[in-house]
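Got a structure here, written out as structure tokens. Questions coming.
Labels A, B and C are assigned to the chains in the order they are written; within every chain, residues are numbered from 1.
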Amino acid sequence: MKKIHQNPAGAAPPAGQYSQAVRLETGDTALVFVSGQIAVDAAGNRVGAGDIAAQATQVFENLSAILAANGATFADVVKMNTYLTDIGHRAAVAEARRRYITGEPPASTLVAVRELAHPDWLIEVEVVAAVAVG
Amino acid sequence: MKKIHQNPAGAAPPAGQYSQAVRLETGDTALVFVSGQIAVDAAGNRVGAGDIAAQATQVFENLSAILAANGATFADVVKMNTYLTDIGHRAAVAEARRRYITGEPPASTLVAVRELAHPDWLIEVEVVAAVAVG
Amino acid sequence: MKKIHQNPAGAAPPAGQYSQAVRLETGDTALVFVSGQIAVDAAGNRVGAGDIAAQATQVFENLSAILAANGATFADVVKMNTYLTDIGHRAAVAEARRRYITGEPPASTLVAVRELAHPDWLIEVEVVAAVAVG
């Protein structure tokens, strides 16, 4: 069993005391637990204030980069949890989601919460992925 | 390692681009990641508008069907997350929960959120289950 | 594969029909799914009403006790999800977090929700940990 804390260069740097992902290798499988991604680009800048489509795209770009660092794609995501601040943004998020998830989709949960950590943020998405190892 | 995307006939069809469950078989174990279940019946109809007891029962019926498709019961659920829209519904949900979970209960988290994906929905419950394989 | 339901003496007793943790042993790894911890002490008393710093400390004490019962520490936490009722409490929570998490931090998600199960509660934190076995 092996645990690897990850902050891949292609994804946003952590906005606090957390790792962007923890990779847990056990047997023939790596489980990748990915932190909730928000609309921050790889340089650490907040992007897309007030623009749910832009924010959703940035979130999926961050997820893509973290998955890629694990030799994974969205096809390897087993669970996705999406937190919005306004359920009315659901259609725009679904549109972004369809661009990034093109195969069989993951198990998923979607809720609208009171607030995310920065007032600019309209969406946060976390995933668990599973990839074969060894 | 093997991943199987599932939309069992006895449970509600997905209300969007997601799978009702993803089954991850690794070593002697299948981890089953189940999407947040809402008050939609196996025919795809929303049920129990305004009635938390009816909605909670439908949600647990959907979970039961997805678990059964994996040779599992609530005894195999290791984690359950419950999202309500009104914390005042907690007692009604606990009553439904006691009818379906009769053995040692799972690890659990309960929160009330701002909104769920459809304005009729008062409860969403997601689980992770683990069953022996091979 | 083995599942063990846990309510360790050093942590708060469950506030409802749930187990404080479920330990899933598979292959060389135990995955520990820990329930959302709230500001209840090991004797079952609610503590820190209106005091986010006191509540965060109690939550991390409960998590510590459950981890210890599994031969684990915060270094073994792979994922942490934090639910606040007021995002303005984030700094106080980060301070508590820094006292308990001193090595490489877990993957994490932070949201503010509408309400937690008791009106006194300002914070709930759930984790998944992974420890080597056998």
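The rule we apply is simple: contacts are C-beta pairs under 8 Å (C-beta built on N, C-alpha and C of every residue); 3 or more make two chains touch, one makes a residue touch a chain.
Here the structure is a predicted model, which is why all the values come from computation and not from measurement.
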{"item": "Angle (degrees, nearest 5) of the CA superposition of chain A onto chain C", "value": "120"}
{"item": "Interface residue overlap between copies chain A and chain B, same or different (over half shared)", "value": "different"}
{"item": "Rounded Å distance, chain A centre to chain B centre (Cα mean)", "value": "22"}
{"item": "Per-residue overlap in chain A, given as positions that touch at least 2 other chains", "value": "26-27, 113-114"}
{"item": "Residues of chain C defined as touching chain B within the complex", "value": "1, 3, 5, 14, 16-22, 24, 26-27, 31, 33-36, 81, 83, 113-117, 124, 126"}
{"item": "List of chain B residues in touch with chain C within their complex", "value": "26-29, 76, 78-81, 85, 87, 90, 94, 97-98, 101, 104-114, 128, 130, 132"}
